[in-house]
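What follows is a set of structures for review.
Each of the two complexes below includes chain A, the first together with chain B, the second together with chain C.
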Partner chain A sequence: MKIRDTVHFQWYKTLFVVVLLGLCLYTSIRATKADFGQLVTNIGQVNAFLTKLSHPDFNYLPRLVDPMVKTLKMSALGTVLGVLLAIPFAFLSTTVVTGNPVVTHVFRFFLNIIRTIPNLLLAALLVAIIGIGEATGVVTIAIFTFGVTSQLIFESIETIDYAPLEATAAVGANRLKTAVWAVWPQIASSVLSYTFYAFELNVRASAVLGYVGAGGIGVKLNEALGLFRYERVSVIILFIFVIVAVVDNVSESIRRRLK
Partner chain B sequence: MITFDHVSKVYPNGVRGLTDISLTINDGDFVSIIGLSGAGKSTLLRSVNRLNDITGGDILIDGKSLTRANKRELKQIRRTIGLISQQFNLVKRSTVQKNVLSGKLGYYSTFKSVFGLFSKADYALCNEVLKKVELSDKLHERCDNLSGGQQQRVSIARTLFQEARIILADEPVASLDPATSQEILDELRKINRTMGKTVIVNIHSIALAKQYSDRILALQDGRLVFDGTPEALTPDVLQMVYKGNAFLNDEGAAHA
Partner chain C sequence: MKRIPDRIRHLILLALTLLLLWWCAYDIDWTTFRYFSFGSFRATLARLLSPEWEAFYTGGPEDIFSLMLLTIAIGFFGTSVGTVLAIPFVLLSANNLWKNPVVPRLGKFILNVLRAFPELVYAIIFIKVVGPGPFAGVLAIGVHQIGMLGKLFTEEMERMDETAVEACKAVGANGVQTMFYARIPQLMPIYTSLALNHFEIAVRSASTLGLVGAGGIGATLIFAIQAARWNRVGIILLAVVVTVFLLDLLTGWIRKKLR
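After this line comes the complex of A and B, so read on.
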């Protein structure tokens, strides 16, 4: 059997990829001066870290309730603001509603840009602009939600049934009337579902956002890590984990009912 | 009165939808349009409310040019023309009431439309037209819970609510069973007779066209090849209209 009769007939491509990856690894090790030896010599610290981490200090829990509620409030407010803003933008990003491909493309381009900004970078920028605190968290979450849901919404506008649009055009309705009377009823339940989905994402993200100073539970995480209080870190992580799981489950069951 | 004056339609891709059509439809007429699939029936019907822009000639509604109407005039003309189609064109997730009310979007300001601020009189009219089509009990029912026949009656109610003087129906019974088809056409006929509305129907069933119409138009490849009373629509004419392909049975119904 010759090699070109087997699934490995393109072996040289595989070889090329392996060599390339090897080169990348090597040059990045050189560039960052990574020392794998440290991994072994510092094993004692890892041990200390894991010991503390595995003994969560549950007495700390009551003091976390308040920041967690703040995180949830931030997420909820940010989500609602983001979705409210996303709806008109999503409508303007579909030719169905604007009837103008140029306008549509301009809006889509804008939405694409918004979506490419990473969450943490956005938070860091806004901390610099607005300052440390919950307001920054809310704005970050609103912008992030705006990016995610605007795309989901305009995609669902594109999959609606177009027949009712003809009906509204035929009775002499303009585009805004058509959007409200023929398009919105077809996407309303999806929009609500996306809102819950975004809320899920945001609760998860806002835990991390606090870490860069955008308020909420993340601030506590940052504090505990900075003070090497790993027994607190683990309580915080557990708490976040539980809340995220609860939010996910509740939101998912609501979304399932919306279908 | 609707007047077609040497109307032609060439689609952007070069297909000739209509070629040199001249005809006049009088107020209160019940007119059927027959012809093979692709003959141009929908093109003709949809040019009456300019969902289709014609490329030659002129269409006049009560002596006013539809072709030269500007955006605002067009919207005003469209308010007086109701459209019913094979797929009902309802927002299925909305209630019967909302679908009917949407018939007057052309009359209300954008602000009032967006916030659904309809007048008391119009809510009353909505109930009245639903009573006419025997759907009073379905006011708050979502349209996706209705049968095909009921959905089509909602779209008829919408044109009545719209207070349209002309009703265009593009194959209104093509997706309905024979009994329901009769019901829907009875309804249209009743509206035509009692309210004096002009009704123009595209239809595939020759038997139904003959049974309900005052006048029948036949199209073939975008040309008007027959224009006359149901009695004048003889088997010979049908053979010609359907290019000898008509599967004519004893009742003279073609399943083209």
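After this line comes the complex of A and C, so read on.
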């Protein structure tokens, strides 16, 4: 760091950034009609909510076990489908495998677009197109997993060791054979660990997916919220929290053993 | 003990996985697919792919363009609120700032609780407090971001290089002085980068919060979906995807410059 890079010599840049941020903030406050006064006057609502929330109704718990198991099943199935779909796409979006920058860019652009669609919008859209139900939930989870894991997989393909590629090319393998025998063995364990990571994300997201009718524990959450039964909301959230923590720990220990 | 050959072990694992997946798939309700007609799906897709451009800009406050700007504003203001409010929690929950191990544990617990609730639940609560509208979305995103950013900020604080802190202490600096002369200069670029990343995430969730009435483009989208106006859904999805994509590029560029 030179003396010229210190704050005192760059104050006009800092000032510019601060003014810009201030303008953005001012505009967004105006646009969203923010009124913190309302927050203070209606603090009673928050209080009522918090008191109900802090008294979870544990009698409701037994009725949550079935939807939770369903959620886990949906997540597992969706995750595996999504990853299976993601693998060929990830291979096609690296120049290492295709050797063709045009194909790579087309596929990568497609994957980028899939990834930008928010989870909940995807669910709402699929519910409208396919219909309400658990099957739609599985499809949503599969597409979401596809978006998340395909990027992770192609990023890990880009960091592989190129020596086996040369070796297979030297004995006359075509591109498919190279992909199967030189690339896949190098990334198999990371793909497995991304699968578990995606599974965690999906269990977490399942709380929200039910909101649009895509099945599982989220449907119960939606019911409880709709009926203002916050003591149930808090049990559901706690339950999801515990399950996510368990899934987290199990998948982390499996991932560590994979290494 | 004789080692089981790898090949057989892999086969057993594969069989177990398939069995597990079959069990998952077995009692999911697949009836939705039975009523699925490919013809209507293709018609829907065709209309989705021919977006209703006229709705994009009409000059009124309810066109897609201004709603998208409002969504960005919600994301920006929400992230600002979250970033600012996350700082005190970071000071509370970073291990290296406290000699007493109880305080950081308490801080981390609060952050975990804040993160456990999905944004959608916060949105529903804040709609009851400040009424439906963009401000409820801002508060929902803000509170959720406290949990997310608080955790990431704390991790960075704990991972930071302590030599500069030691150097400051060696010349007699007190806690506040080490904070301003050793910690903040080191952490500022990382924190900015994380906040920018979460701005993009916030815009993505702001576009979904409208589903429950917390402002932004989501409400228009859900009405269009419910009315099966697929051309309109097409233009809204396109607007969301393009906006998130551009923000991704912009924040990526700024983050690269920060490094």
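The rule we apply is simple: the second predicted complex is superposed on the first by the 223 of 259 C-alpha atoms of A that agree within 3 Å, B and C clash if a C-alpha of one lies under 4 Å from a C-alpha of the other, contacts with A are read in each partner's own complex, and residues count from 1 in each chain.
What we mean here is this: a residue touches a chain if its C-beta (ideal position, glycine included) is under 8 Å from a C-beta of that chain, and two chains touch if they have at least 3 such contacts.
Because the structure is predicted, anything quoted here is derived from the model rather than measured.
> Answer with first, second, both or neither: which of chain B and chain C does A:P118 touch in the superposed model?
Only chain C; A:P118 stays clear of chain B.
> Taking the superposition on A as described, I'd like to know which of chain B and chain C A:K177 touches: first, second, both or neither.
first
> Between chain B (first) and chain C (second), which, if any, makes contact with A:E252: first, second, both or neither?
A:E252 sits against neither chain B nor chain C.
> Spot which of chain B and chain C makes contact with more residues of chain A, would you?
C
> Which holds for A:D66: it touches chain B only (first), chain C only (second), both, or neither?
So A:D66 meets neither chain B nor chain C here.
> Which of the two partners, first being chain B and second being chain C, lies in contact with A:E158: first, second, both, or neither?
Neither partner.
> Does chain B (first) or chain C (second) touch A:Q186, or do both, or does neither?
The answer is first: A:Q186 touches chain B but not chain C.
> Is A:F49 contacted by the first partner chain B, the second partner chain C, both or neither?
second
> Between chain B and chain C, which residues of chain A are contacted by each of them?
The answer is that chain A has no such residue.
> Enumerate the contact residues on chain A facing chain C in the complex.
24-25, 27-29, 31-35, 38-39, 42-43, 45-46, 49, 70, 73-74, 76-77, 80, 112-113, 116-121, 124-125, 128-136, 138, 207-208, 211-212, 215, 221, 225, 233, 237-238, 240-241
> What does chain B use to touch chain A in their complex?
Result: residues 49, 51, 74-79, 81-83, 85, 87-94, 98, 102-108, 110, 113-114, 155, 158, 162 of chain B touch chain A.
> Tell me, which parts of chain C touch chain A in their complex?
Against chain A, chain C makes touches at 20-21, 23-25, 27-33, 35-36, 41, 44, 69-70, 72-74, 76-77, 80, 116-118, 120-121, 124-125, 128-131, 133-135, 137-139, 204-205, 207-208, 211-212, 215, 218, 221-222, 225-226, 228, 233, 237, 240-241, 244-245, 248.
> Could you list, by residue number, the parts of chain A that touch chain B in their complex?
It is residues 161, 163-164, 166-174, 176-178, 180-182, 185-186, 188-189 of chain A that touch chain B.
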